[in-house]
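The block underneath contains the structure these notes are about, expressed in structure tokens.
Chains: A, B and C, in written order; residue numbering restarts at 1 for each.
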Amino acid sequence: MKNLSLVLATVLVLVGCTKKDNAGSTPGTPSAGATSNAGGKLTNNELKIGITQEFENFNPVIQTMSATSYMQHMVNRPLVTINADGKWIPLLAKKIPTIENGAAKIVDKGGKKKLVAIWEILENANWGDGKPVICEDIIFSLKVASSPNVSVGEKETYTQIEKIEADPKNPKKCTFTYEKAKWDFYQLGTVWLLPSHLEEAVFKKFGALKEGYEKNSLYSKDPTNPGLYNGPYVLTELQLGDHVSFAPNTKFYGEAPKFKRIIVKLIPNSGTLEANLRSGTIDMISSLGLALDQALAFDKKVKGENLGYSVLFEPSATYEHIDLNLDNPILKDIRVRKALNYSINREELVNSLFEGKQNPAIHAVTPKDPWFTDDPTKVVIYKYSPREAERLLEEAGWKMGADGIRTKGEKRLSFTLMTTAGNKTRELVQVYLQNKWKQVGIEVVSRNEPARVFFGETTKKRKFDSMALFAWISSPENNPKSTFTTNNIPTAKNGWSGQNSMGWSNPKVDELLYSMDTVFEHAKRVEIIHKVLKYYTEDVPVLPLYYRSDIAVIPTQLKNFRLTGHQFPETNEVEKWTVE
Amino acid sequence: MNTAQNTTQKAQQKAQIAKMEKAQTITQIVYSQFKEHKAAVIGAYVILIFVVVALSAPLIEKFTGLDAESQNVFNRYRPPMTRVKAGTDVRETSIQRFIDANPEEVLIIQNQLISQQLVKPIRPEDALYDWAQLDRTKAMDAIDLIDTSKKSELRAIANRFESFHILGTDELGRDVMMRLIYGTRVSMGVGILVALASALIGLLVGAVAGFYGGFIDTLLMRVTDALLSLPLMPVLIVVAADDLQKIPFISRILTSGNESILKLVLILCLFSWMSVARLVRGSILSLREREFILASKTLGATDYTLITRHMFPNVIAPMLVSVTLGVGESILFEAALSFLGLGIQPPTPSWGNMLFNAQELIYQAPFLAILPGLLILFVTISFNYLGDGLQDAIDPKAMRR
Amino acid sequence: MLTFILRRIVQTLVVIVILSYVCFGLMTLMPGDPVELMISANPRISAEDVTRLREFYGLDQPLIKRYYTWISDISKGELGYSRTYRIPVTEMMGPALTATFILSITSLLFSLIIAIPLGIVCALKPNSKVDYIANLFSFAGISVPSFWLGIVLIIIFAVNLRWLPAGGYQTTGLAYENIFQELMDKAKYLILPMVSLSVQSIGRFSRFTRSAMLEAMRNDYIRTARAKGLSNRVVIFQHGFRNALIPLITIIAISFSSIFSGALITETLFAYPGVGRLIYSSIIGNDFNVAMVAFVVSVSAVLIMSLVSDILYGVVDPRISYK
């Protein structure tokens, strides 16, 4: 026993040390954020950002990872983007063409309605080597993206643009012809450009080989070539799996960036993010970093101990929900679906587990979106009411059994709730919900799978037998066709494409959503989407849970930093970041 | 007479010697040797204590009134030795169940509660619900004042209004102690199951390879070598991510509730029998040439008898050691896989997944990470010492006579 | 001897080929092929995109055919292209292997330097106080969950004491003035992962040395050597330790093989860009080419190392000969 107690003593001493040091350092620490700086105070010389996700080669047409996209916005700019206020703004383009400003018009070509828009690139938009950004770059990107030998995930964005013509007199003026006259044509301006003066030669030489272009692209052969980038920063060092360094692009068209160097460092284990921050390995944690629980705890500590950081929470366009498999015989009964919905206490959920930092969800459109509504006359709102839930279940013939689980004949009222393994917040919510449903007599067992299995197989092929908990990251004003319409129910026939994993089929919704594409007035679109949401909340194909928040930790001296809450990250404004 | 006495004395002495010799059977020698190894004995006791605690988990649950599942989301991450109030939901549900079960008695209780001004509900039907919102002590006092046959049931309900958590609460306000106790069941269960199962597989493969030799031996040993040469961690990740439902035989054993545990056991077994197989093969190879095997062979013993009667007893001892060491290893592996999110799935608690869940919040709730870590450390050390002690005890060269 | 080595090399090659097929099969058993992963990341991928991409990656081919394509590429020296990182596998593996090699080699040397003397001391004075304490620490080292230890080390040395960095493998963006500065900087980052990686092997090696040494010291020739009046030192090192070396070589050879498969957990915790993490992310991201190359490298390392240790036996112990 002596030996064992020795171990115990040793461990306790170590733990004791930890605590004491913690306590000891607090009063002595000056409030001015000295903690972040093992290597000195934060200045405009250098900013080190921590991320937890892997990144890839920077070729913007080929990239798929969100960490790469995060950094891509530092070095490259698309024609248009959504800013932190949720508004569409031009970046490389002089203005967004619209019907009203005359830059876009609907034309009739061979009986088909098409849309022609004129995009003009900013006069002073240059690549990092001083060459101007021209229309030819857009044409070239499209050529690369539509080549069968280049592995581009999704081609729709590109194929919707039928043709681009450069003005022979002004190489910066281009005329786009869109395949169909859709109101959201300008959103296709988020495509990335490739520098044709550098990459065209590579593509000519290797483009005919399978994967030939991507292997030989300068983005993988010579990633620090400044000519590859047109954003506020250029890449100066790329170490896959470890870090990326950036330096200001002197040829940038906009406001000059303030930080002389930015380093993005990969910290793969989110448990050690805080340690890395506090020991000075990184200065801030990006929106691809802390889990909510960690952020809540760190926020308290920051405030309690005056650590010199701010923990930012920004409501985002990410919608956490449970997809119900409508082919499940029990779930076919709408009363059961409603009962499930009524027994979720969303208020308590967000207040207890998220301490109010994330918002309860009522449907698929997030409050970030101009299409959002919480008007009870327009959508059905399910307030927590276990008694109503029990009433509905009784009505549907589910009687309380001796073990506290309802039964109907031989059948038990039992479901399987699946989600991604290792996502702590989801697992927490899952267990919380299990407990809630148990109280009205519904048994829910959890079965979690690694993300790749869950998304690659289970939701994709509708292999969950009753419930799947996950999130959609939508952008503002995005037509939810791919998740709501009958055509998008994944089947073996359509190669499991489409995202309607509920199997929800409502002909009226189909009709409304398909008709929306050609509606150019904003108010009318809002009207349509509100009708769709009404059906959505009446039919309950999905149990809405909460809208997620984006989280970042920044040093208090860092100014002009704004989280966006949608898929165009905060790095879109990286040139404004500064220390005062 | 003298001679007679002498002979009796001699006979007695002989008998005594015989008795002494008889008394020192091999098990006894091993046992006494084992007792000398103090650390191993302590290890054995520690393991015993853990096994007893794990087995009596339901009893502890009954005794303390706590369980590993009930949540209290407004009291998350409480430090050890705290008393917390139960959530409104839990209270209301238990009251509702009580009302459904005793509709008549409830009316009497409601009336008394109101007439004695113990609660002041807006509607009389809410009297019991209002009572449920009281503190535990106040609620208890109220029961004392009213007259009903259901006093003990109400007391039981009131008792659940508050709970005391010796080791604090976790991220959902669940009792950490109960979760650790149930985690002991899972983690040690997995450890022991894997060690036993892989010992059996190893014994079988090793015995067949060693006894028959030739082609079978070469084949089996190459398979063993091949499996040994696979990098364990990546392979475990691949297999853990594999969909075992695709394999028809296994899909029949798997049910949704136990899938993650069974899968883990299967995976760990698949990759831990090789060292036992090598060990067994080695000893059987040397046994095969020994005289007593030859003798029984000439007497016409079948292969089966030869292997099970004569060879197995001789390899049991070294196997026992590798089983004990294997338990510790499997517990550690379960924890490592949990670190990658591929271990046992929640809400089933295991030391590994408790530790994994806590690691992100090691500053905020250090106890949550320290406790399962310490338990893993203790139990694995104990198993290692036990194995060490057994090894010393059965090693003929190390015998201290 | 030569024929023995040749035969073993041929056997090893056959085993490597078979194992690579097994690994290939295991990888395909994982649900969700790369295209499905892409779909899940992007809701706008259409059915046509799916068929196009399947064909593009050759995923519409049967397993054996895909394996054949892969292995014929490999034999031509074409390691392929990483689908996750979108650069050639060779460019990805090179730095990762180097980083892992440095980490594992230093950790192996560090643990041997501590473990062997510790084991010898314990074996010379069995059941003494020193032996007890060393044993306890060895067992604790073997029994501690590695990620737990890693976190504790980070908290103590990086956050509280601030002696060492919490993660990474060099100070990012630092331009080294000379090689000495570079070495010092990298060494600083190496210490914590190395220690956390070594703790377990120190425990293992010292236990192993102890028992091998105990065994060796029990032999008759030790008694003879002592009777001859040889000094204690000579007896211990020339006669005792030399004989204890044989089993030690085996275990060191085996742990050598892990030099290339890396230490996933340690690398993840300390943000160390090694090959263990690379293998992990390639498996999770279904990056066939990277994962398969990594598998083959680490399997070959084990098999080659066991071959080397067999040959070394002959050098250390003249009684063993190969026919």
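In this section, a residue touches a chain if its C-beta (ideal position, glycine included) is under 8 Å from a C-beta of that chain, and two chains touch if they have at least 3 such contacts.
Keep in mind that this is a model prediction, so the values were computed, not measured.
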Exercise. So that we know how the chains sit together, what is the shape of their touch graph: line, ring, star, complete or other?
Worked result: complete
For this session: Taking CA centroids for every chain, report which one is farthest away from subunit B.
Result: A
Exercise. What is the distance, in whole Å, between the centres of subunit A and subunit C, each centre taken as the mean of its C-alpha atoms?
Worked result: 37
Seminar exercise, completed: Taking each chain's mean CA coordinate, subunit B and subunit C are separated, in whole Å, by 30
Seminar exercise, completed: subunit A and subunit B have mean C-alpha positions lying a whole-number Å distance apart equal to 42
For this session: Could you list which residues of subunit C touch at least two other chains?
Result: 30-31, 132, 136, 140, 151, 155, 284
Exercise. When you check subunit B against every other chain, which residues touch at least two of them?
Worked result: 39, 241, 243, 340, 359, 362-363, 377, 381
For this session: Identify all positions of subunit A at which a residue touches two or more other chains, and write them in rising order.
Result: 3, 7, 18, 22, 271, 450, 452-453, 457
Seminar exercise, completed: So, in the complex, the side of subunit C touching subunit A is made of residues 30-33, 36-47, 49-53, 56-57, 81, 83-88, 91-92, 95-96, 132, 136, 140, 151-152, 154-156, 158-162, 165-169, 172-173, 268-271, 273, 277-278, 281, 284-286
Seminar exercise, completed: Given the complex, residues on subunit B that touch subunit C span 39, 222, 225-226, 228-231, 233-235, 237-239, 241-243, 246, 328, 332, 335-336, 339-340, 352, 355, 359, 362-363, 369, 373, 376-377, 380-381, 384-385, 388, 397-398
Exercise. So in the complex, which bits of subunit A are touching subunit C?
Worked result: 3, 6-7, 14, 17-18, 21-22, 25, 38, 46, 48, 54, 56-57, 59, 62-65, 148, 151, 153-157, 210-211, 214-215, 220, 237, 239-243, 245, 261, 263, 265-269, 271-272, 275-276, 278-281, 450, 452-453, 455-460, 472, 482-483, 494-499
Seminar exercise, completed: In the complex, subunit B touches subunit A at residues 39, 42, 46, 69-71, 73-74, 76-77, 89, 93, 100, 171-172, 240-241, 243, 256-257, 259-260, 340-342, 345-347, 357, 359-364, 366, 370, 374, 377-378, 381
Seminar exercise, completed: In the complex, the residues of subunit A that touch subunit B are 1, 3-4, 7-8, 11, 15, 18-19, 22, 270-271, 274, 291, 293-294, 297, 300-301, 345, 348-349, 352-353, 386, 400, 416, 421-422, 424, 427-428, 430-432, 434-436, 439, 445-448, 450, 452-453, 457
